[in-house]
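Single-structure report; data block below.
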Amino acid sequence: MSGNTFGTLFTVTTAGESHGPALVAIVDGCPPGLPLTTADLQYDLDRRKPGTSRHTTQRQEPDEVEILSGVFEGITTGTPIGLLIRNTDQKSKDYSAIKDLFRPAHADYTYHHKYGVRDYRGGGRSSARETAMRVAAGAIAKKYLATQGIRIRGYMSQLGPIEIPFKTWDSVEQNAFFCPDPDKVPELEAYMDQLRRDQDSVGARITLVADGVPPGLGEPIFDRLDAELAYALMSVNAVKGVEIGAGFASIAQRGTEHRDELTPEGFLSNNAGGVLGGISSGQPVVAHLALKPTSSITTPGRSIDVAGNPVDVITKGRHDPCVGIRATPIAEAMMALVLMDHVLRHRAQNADVRVTTPILGQL
Amino acid sequence: MSGNTFGTLFTVTTAGESHGPALVAIVDGCPPGLPLTTADLQYDLDRRKPGTSRHTTQRQEPDEVEILSGVFEGITTGTPIGLLIRNTDQKSKDYSAIKDLFRPAHADYTYHHKYGVRDYRGGGRSSARETAMRVAAGAIAKKYLATQGIRIRGYMSQLGPIEIPFKTWDSVEQNAFFCPDPDKVPELEAYMDQLRRDQDSVGARITLVADGVPPGLGEPIFDRLDAELAYALMSVNAVKGVEIGAGFASIAQRGTEHRDELTPEGFLSNNAGGVLGGISSGQPVVAHLALKPTSSITTPGRSIDVAGNPVDVITKGRHDPCVGIRATPIAEAMMALVLMDHVLRHRAQNADVRVTTPILGQL
Amino acid sequence: MSGNTFGTLFTVTTAGESHGPALVAIVDGCPPGLPLTTADLQYDLDRRKPGTSRHTTQRQEPDEVEILSGVFEGITTGTPIGLLIRNTDQKSKDYSAIKDLFRPAHADYTYHHKYGVRDYRGGGRSSARETAMRVAAGAIAKKYLATQGIRIRGYMSQLGPIEIPFKTWDSVEQNAFFCPDPDKVPELEAYMDQLRRDQDSVGARITLVADGVPPGLGEPIFDRLDAELAYALMSVNAVKGVEIGAGFASIAQRGTEHRDELTPEGFLSNNAGGVLGGISSGQPVVAHLALKPTSSITTPGRSIDVAGNPVDVITKGRHDPCVGIRATPIAEAMMALVLMDHVLRHRAQNADVRVTTPILGQL
Amino acid sequence: MSGNTFGTLFTVTTAGESHGPALVAIVDGCPPGLPLTTADLQYDLDRRKPGTSRHTTQRQEPDEVEILSGVFEGITTGTPIGLLIRNTDQKSKDYSAIKDLFRPAHADYTYHHKYGVRDYRGGGRSSARETAMRVAAGAIAKKYLATQGIRIRGYMSQLGPIEIPFKTWDSVEQNAFFCPDPDKVPELEAYMDQLRRDQDSVGARITLVADGVPPGLGEPIFDRLDAELAYALMSVNAVKGVEIGAGFASIAQRGTEHRDELTPEGFLSNNAGGVLGGISSGQPVVAHLALKPTSSITTPGRSIDVAGNPVDVITKGRHDPCVGIRATPIAEAMMALVLMDHVLRHRAQNADVRVTTPILGQL
């Protein structure tokens, strides 16, 4: 495969550049019989879309998705689902300023060396604009997973230096940050306002939780559920780290502390993050991801041009000062794609397995 | 694919249980013409193998590998390379004690639910014993990568609470910990000795560095180099987190700090860890992984049996008190497999690309 | 993968139903730097499109393709190429007559059993309408292959009972049948006119020839070039048989007759069809395919409905009386996709191979 | 993938050369809970193995298979199954005579050009010896398919010029030819004896029938069941053609003749060979394959050496005068692998589909 297809049985193939005519995706492997309309996709697309608060890019994209195939009379047919989103706000600004140089921390330099030719307008294929299609495809997965009792949710657990302990899911959809604590929101807003004044950007941490995941998902030894999550989440723009459960905190833990003991009433803790030996345990699947600060900032930086000459770069235009703010729905979508794929993969080979051992939740 | 094949063009398929007759692997896609002998594989197998110090399991496995195919007169032929390692020290101990119960933090519970039937002897397929084949396959990749000027090395950067700043590669192969600072070794030994007396285990952090990686490796948007590294490294037993470059520290960084500026003399820093937009930049590729504490400890823990009844579990036998100690060659092998695969993938599609822009190293 | 993606490194994923809003495809893995415009795709689309003579369906589809991504300033960028063709002539006829019954020799019965739900309008996904996207994608492959000196051509070698010996390529594009002998065309026309009067349909045989294929393409032991061609060609609607070179005639051949002897001036024959041991030999690659008669005919046939009751079926509408007539560009496209994929696969692993043995053509 | 792995969910990866130390395979994706012993594999291995009659090669290989993993206490565990067959009769004959030249119709020339280096002993990887592993893996698939009511059988339907109409399955295992008509056997034996005296070889045709295949297997539009069968069967050494159902005879058929009408009592014919629109119909799946005459004959033939000089070649050694004689179990195995894979693939995505329409057999 050539890099733009995700998944084994539930596959998502995407195409499209930031400033090209459209984004397109083909979702293959969706089971037949699922009710599906554009409204199902639009909900998450709207959660991701730019321009909904002053803390994100002001590019205006309605991100209206069209279903081209695979759905008949409102029901999936088992044939591939074609999705189309037209780009509408590709500003006809002059890109000649960045055409022949490399913005620091962008993919300009690496695309140039890899492909020799690149669509430099707005980052082309390397722009986070492509994540719109991940979200649309993820929404299909989410809808199917819901029929299996699986729910995926995410929230911002850190913004720059500000840690955000989880308080309540009720808060998450009530603010522009996917912040799970309403009392923290003013602090986040103040921080972002100052950041804009500083002409700078900052990173963030997102936490994902999937509830209702049955035990058994994941295909060792390579396609472990945690390994596939790491792959999926690290493939999102700006992500520099992924943890499952206790993650890096496991390093300093002792075995007596880390191991999640089992009782007939349930697991006593969830340091594993719901994955043991690469297979879901029935506990909530928990992952964290680290997003780096946006590379597009107006503070000048040193760089070179294609000929190797030194230049100073300022990235103008409309950019998110913290890409992490809009990352929650994207990360949720990627987790949904992984779980969906593994529901199907598990079903293929283990359809006849029947164990009577109780499924444990977390106490 | 069913989970036991790694890679797209340079593929490694493995089989084998901890206490079965043998481990076996098929490495497909190795370019023809590479000189290869068992000695090339044995070097890393010996670095990984158990029983070389008092800080690892005392199971004695010579891990002697046989090349069954794909090599003719000492040269690879382009046909698949079959590898075989017989298990020799599967102690005939009585496993009936753990047959019907689930050791906390092990894969017992999840394998039971997924497959209904499992080889419970020594963890079966979920045992880290299977990593021997990863190391053997990785050694082939390493040898080929060396012909391309790429070198992969790793070291332990943290043992439990003890952080180990990098000092010198010269130290790494001189101690049982892959510790890059000879002065730290006594502290590590003392810690491990105390840990054993405590009948406990602990986690560790491994750092990997690949030098000589050319710009251009990685296939966005999903099969990014960093995403594939995350997948590969998270698939190793006990790994709970993966970082690229600055990793989780990126969260609190500002854009002006994180972005690696470019000058004609080279990049000024390497927060990116050598990957931009999912493609190698020509800088060293740097990854970190977190390993959890070993689950097999002799301090009793609460659990249940297959009928759901509460039991107390003690894991006897021969186990590593810190799986991280032997993890460095395994992690190196996985990075080698990823880079090897991406060298081939990049070559396939971009063979004709010729750019004159200079390749930058790190200052 | 879920069945709608073709290829390993040069992949084509398609979606779209006969009477849905559009056909869509994503072509991934095209090397960067290839000049490409919609005109390059339109040439073959026009060769395939319906309604160009009285011998094919009268459905009017301009089959105008839009390139959505992957091409910048007329040059491929190495990123995936999105393709879109809107359906324009989905007649709003009443399909209730066929909604609940199964047309003999159609996919109605099997789609019903597989998916439970199906888009019955015009055959839905099982319609040959989807081959438009194969042709568009194949045109990209053809264009790249031409830069490597590889040319793919096809012709009709049999129409129903009428065998058509090859005479000249010059004739092939000069008639509605892709017939390589202009003197045969009146006979074919008369046969088709009678067939229409008989309200019946008939099969056909297509022959494909690829010139300029270098030795070395094909990946034994499973992904042999001939095996991949068989897969690709058998995946085309209505195809019931595939031969390479002498094909079924090999059965009665003796070894002394079949083997293609080699001389310094070239091979003395081409019974192998340009493939030995699954790898191209440098001779022309030759394949033949058999297409069954169209299933949609107006002569009544016995069938059942979804409840299992007997019914009589007449397939009205606009249909090809011989699907083989339009099959040549489709078959060429599939051969192009296979060769393109194998050019890339071969390049990945054998980039360093240099042999001085001469490449032989055919005498 | 690099060519030596077959399948999507039930995958078989093989390695091994004709005169290397061993053949090895890894079968991944076998559902857990299947009773499996080496005896299950040995039955078909013995049917394929050489030296069982005077009409096949006299190489003596017991082909004893060892199961290295994936089976515990006689039951598959869902983990990959490693298989090993040691080569025992690699005669230490001098291969220097063929080392630097290309035997006509062999893979020598193409392997040389592709890989630059090759194991020339007995054909190396291109030898039909590798099919032993296909047979072993196929036996696992057959055993599982039997639990689903699916049975795969094959027979020789033509030997050189002698057509063999099907008479009875009872005869097939009673003679060296897999001939379904006991009265034909003397004619076949006489033909083969004369052929040996002529120092020549001949082709054959094999017919495969799978009974009990449920409707619904196959994944359009590319991974159709017939397309996958064509791929699988064409990947077998010496195969030059594949047909499904009426195959090439479909060309001259009219639609009224070809279409298999349906009645409540069943289909009235099976020109489709059990596949409609790429999906199994519930009728028997029928395929035919054409095998070319053996290339290894002692009648001298013209060729060239690696330097391009003309040479005369005689292929000495132990060879089958008709590779088709031993091909039946190999072809059965490939059909089993395809059906097995598609049983799993179908199950993954269509587990919830429930239709009440009756499943039709053939009248």
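First chain written, first letter: the chains are A, B, C and D, and each begins at residue 1.
Here, a residue touches a chain if its C-beta (ideal position, glycine included) is under 8 Å from a C-beta of that chain, and two chains touch if they have at least 3 such contacts.
All values derive from a computational prediction rather than experimental measurement.
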Least step count from chain B to chain C, where 1 means the two chains touch: 1
Identified repeat of the B-C interface (over half of residue pairs identical), from A-B, A-D or C-D: A-D
Centre distance in Å when chain C and chain D are each reduced to the mean of their C-alpha atoms: 26
Computed distance of Cα centres, chain D from chain A, in Å: 45
Separation of mean Cα positions, chain D and chain B [Å, integer]: 38
Shared-contact residues (touching 2 or more other chains) in chain B: 1-5, 8-9, 14, 29, 32-33, 78-79, 114-116, 125, 220, 345, 349-350, 353
Touching residues (chain side chain C, partner chain A) in the complex: 1-5, 8-11, 13-17, 20-26, 28-29, 32-33, 66, 68-70, 72, 75-82, 84, 114-119, 124-125
Residue numbers on chain D that touch chain C, as the complex places them: 1-6, 8, 14, 102, 104-107, 109-116, 125-126, 130, 158, 160-161, 195, 198, 200-205, 215-216, 218-224, 226-235, 237, 239-248, 250-264, 268, 271-273, 275-282, 290-295, 297, 299, 301-304, 306-310, 324, 345-346, 349-350, 353-360
Parts of chain B lying in touch with chain C, wherever the complex brings them together: 8-9, 29-33, 78-79, 220, 344-345, 347-353
